[in-house]
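The first chain written gets the first letter, and so on, giving A, B, C and D; residue counts start at 1 in each chain.
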Amino acid sequence: MNKITLLIHCKDRSNIIASVTNFIAKEGGNIVYIDQHVDREQNIFFMRLESEFTIGNFTTDSFKESFKNTLADEFEMKWRIYSSENKPKMALFISKYDHCLYDLLGRYNSGELNLEIPFIISNHLDLKPIADSFKIPFHHIPVTKDTKNEAENKQLELLEQYNIDFIVLARYMQIVSGKLINKYPNKIINIHHSFLPAFVGAKPYHSAYKRGVKIIGATSHYVTEELDAGPIIEQDVAHVSHTHSIKDLIAKGRDLEKIVLANAVKLHTDRKVMVYNNKTVIFS
Amino acid sequence: MNKITLLIHCKDRSNIIASVTNFIAKEGGNIVYIDQHVDREQNIFFMRLESEFTIGNFTTDSFKESFKNTLADEFEMKWRIYSSENKPKMALFISKYDHCLYDLLGRYNSGELNLEIPFIISNHLDLKPIADSFKIPFHHIPVTKDTKNEAENKQLELLEQYNIDFIVLARYMQIVSGKLINKYPNKIINIHHSFLPAFVGAKPYHSAYKRGVKIIGATSHYVTEELDAGPIIEQDVAHVSHTHSIKDLIAKGRDLEKIVLANAVKLHTDRKVMVYNNKTVIFS
Amino acid sequence: MNKITLLIHCKDRSNIIASVTNFIAKEGGNIVYIDQHVDREQNIFFMRLESEFTIGNFTTDSFKESFKNTLADEFEMKWRIYSSENKPKMALFISKYDHCLYDLLGRYNSGELNLEIPFIISNHLDLKPIADSFKIPFHHIPVTKDTKNEAENKQLELLEQYNIDFIVLARYMQIVSGKLINKYPNKIINIHHSFLPAFVGAKPYHSAYKRGVKIIGATSHYVTEELDAGPIIEQDVAHVSHTHSIKDLIAKGRDLEKIVLANAVKLHTDRKVMVYNNKTVIFS
Amino acid sequence: MNKITLLIHCKDRSNIIASVTNFIAKEGGNIVYIDQHVDREQNIFFMRLESEFTIGNFTTDSFKESFKNTLADEFEMKWRIYSSENKPKMALFISKYDHCLYDLLGRYNSGELNLEIPFIISNHLDLKPIADSFKIPFHHIPVTKDTKNEAENKQLELLEQYNIDFIVLARYMQIVSGKLINKYPNKIINIHHSFLPAFVGAKPYHSAYKRGVKIIGATSHYVTEELDAGPIIEQDVAHVSHTHSIKDLIAKGRDLEKIVLANAVKLHTDRKVMVYNNKTVIFS
């Protein structure tokens, strides 16, 4: 039994849904999940579809070839097909904060995440013992102003060597350069510790405290070249009051950050996120 | 341009989605929305589909006829088709509490609700001035132990006379009899002032206070013969603390009740709710 | 039985709490509620205290005089004393949106709000029928670029004539001038339709839609001269998704706006809000 | 500088607050935090107070003696005094689920929790490696029907040997006997995977799925002899839909459970919880 997930977007027009479902039927597939969305402002059609194929000689490659030459061409679709056989490979970038790391590795360990973590990269050694206790290779790549370029080359080398599919910045605290971003477009997930677009940049909890907000938040988004301005995948908030010091906000925020980041990682690895126009369509 | 909403459920098997989308295409329809769900425990397939028909000689009736004789028969579907031309007619049953009434009528007045309210029924006269100010006919049908049956007959008469599609009990405070329920199966929406299944029955805020819960809730559900045990449409909760008296819980609860009930009414009138096995599938 | 609410803030130092509670005891009062807060960054002490006095010759005025000449002087306190006998008088400023109006008047009517509404001011006539149905005097004061100053004078005249204590802008949609703000410092409550500081200014739902946020919010704050930058009283949020159009966000937002505004009004009239440093301390 | 936390409850009557604050002042203390609550139904007064003492010859013991013989006696108070010098000692009881364990140990490691964990007890060996990686002694005490009594004696021995202050059942999955409960009244914290009082007992996620609820929850409470009926410390909920399988509910619930349990542990160790009448007063 082969199972594929198909993600499509294209200009909206009549009969796309019927055409696609027909195509799948002809190829011998049984659709087990279908969801679609039309952005009426932009006139763009989005679809996510899961199909099972029992026919012996089905291969993802031949399906791709067939799809590409017929429907994809006809409707000028942008599309991706994922086989359920391949677990996405995630690289984890960390620094000194451990809460997202513990949370992700705890979930990974218990089988909650459908992915592989070939290695962890950090610019500091502080969290190496945690990586060790989970038996995940840890690469210490220090980053200074002078070595930033060199460090990034080392990172890229590792990413390529292990065929990494996507990167998670689990409170990495470093600005990632355009070189990396362009190599992994909509494939670098960051967790920002505010409800974006409020409090872009450094020290958002300090800014939240100063403004006297009654809610704080966390936002997981894909990294783009503009700081904290990439497509938002997931957000959540918590209520706070005047009794909370900055330290309290940071502590409360940690719980938001780890849950929001974990949810974003799950949505991404389940192929439920489509990006366009700097926004996301989440088929959940 | 005709627009229909089609709701289907049947035993799950291969190729349902492709068959339905094909059928719609052959009938000249363009699917603008499709959503589906499979209950893997019960092996039941659910689908909600919106389709537009531009062909001049399309009628909902002929479509129904055709659908019934082909697909519906083949897959042994249970199905409903709604034309967007028909606004559902809602009867509002109230008693002495006004918060849900103000909220629903305010929304109705501002055009937020896609429905008609031919009349309001109450067992008390207290809220008549509100009905009057919104210019909605108000029928006072008192209910006592002795007159319960007679009162219900009057209610049924009005419901039939105005071709009512569904009933909303906006804190009606009376138990509705099986006669009414059987006449309007999954068409009587109640708001219960607790997060069901906690605190079934009378005085849930008192029970919540006594138990010392830290959250209170409200639940909108379809009425079935078992008290507060019907299919849940919508729920929401609010955090409370030891500082809240029973009176405070009631006040906080009112805000939950009116929002939860309004949301349930909208889901119902948008044909987004399917009921099976005493549960709901909400295509939102 | 007289009951007063005392609000104090001053530089933090030792023994303030004991001194105040002692003073109340000597005056014959029984403290029924006490809450305090210290802002450790600014070193400011805040206190809210409710006390009952049964002694026959107690008057709020003599208590004030005594408090002023002793404790208030010694600790250089800023303070306010409210007698529970006086209901605050609220002026309601509205424009064309009716959801906050219906919500506030519904609560007012059912006795949920501890205040009086001597009149409603609007720059449009659209909502006059609602004011009429609740039997609240409605003053139509149109505002154009040319008549803005004159309109404000008329408003001020009414506010003074009726001894208005505070103003609520229930989606008034006009920028209030410094003249009014200075006359009612921390006494003009606005509802802004975003989770501030995100989306300051006009059309926040459009901006939220464009940015692709996964939560929208509403913020109630005191009006200061800087637009949407005054002390925040209350905030709440709701989850949204790519399926929500701008119109959907606006509809969902209405429910947030009315609840958040009503909560802010209640906190204000219950004398639970203290303002300093452009932030609020909420003793709830 | 000595700092104490004082928790009081007694029958409500006049001048308690003034009497206590006076007493503290006379003893040379400076009150830095005061909060109080009156249960008007039961007529019980509750107070939590933090005070700093700079006088050289202050001791918690002499303060206790003095307080006991004067105020406590006069007002017939039930009271507890904690010195900030003593970190509470927590015993962790676990079984096979690791999410609460990882979460608590991660927080413990990063210094977020103000407590000590002398040891972990489990009836299974599965999670020993996690305890080892955090370098916390792990005691394997298997529990079977036949050995239950013997196992409990071993537990009690360890608890006494290490002067354990309170016990946390982090998904321990065993019913704790009356012997243990009576020895640690309101000192055994459990996490139940439902919003109590809904779904008491085993398999609450299965029951929630069956009932078709739209919210699931988690509840942390003190253990009493009646199953899942003890005083509730903290609750939280998450929205779910028909798309969630039981497995999904369990996964979503894990995130609730770990946050709710961690919050309850923090409230308990910060001495912010008072219990009476099978309910809690939470001074947060």
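Everything that follows uses one rule, which is that contacts are C-beta pairs under 8 Å (C-beta built on N, C-alpha and C of every residue); 3 or more make two chains touch, one makes a residue touch a chain.
Quick caveat: nothing in here was measured; it's all calculated off a predicted structure.
Undergrad: Which chain has its C-alpha centre farthest away from the C-alpha centre of chain A?
TA: C
Undergrad: Consider the two chain pairs A-B and A-C; indicate the one with the greater count of contacting C-beta pairs.
TA: Pair with more contacting C-beta pairs, A-C versus A-B: A-C.
Undergrad: Taking each chain's centre as the mean of its CA atoms, how far is chain A from chain B in angstrom?
TA: One centre to the other, that is 37 Å.
Undergrad: Indicate the whole-number Å distance between the mean C-alpha point of chain A and the mean C-alpha point of chain C.
TA: About 42 Å separates the centre of chain A from that of chain C.
Undergrad: Identify all positions of chain D at which a residue touches two or more other chains, and write them in rising order.
TA: Touching at least two other chains: 243.
Undergrad: In the complex of these two chains, what residues of chain C are touching chain D?
TA: 14-15, 17-18, 21-22, 24-25, 30-36, 38, 239
Undergrad: Touching residues of chain B toward chain D in the complex: what are they?
TA: 37, 39-41, 195-199, 211-215, 217, 231-237, 241-243, 245, 277-282
Undergrad: Give every residue of chain D touching chain A within the complex, in rising order.
TA: Its residues touching chain A are 98-99, 102-103, 106-107, 109-110, 112, 133, 243, 251, 254-255, 259, 262, 284.
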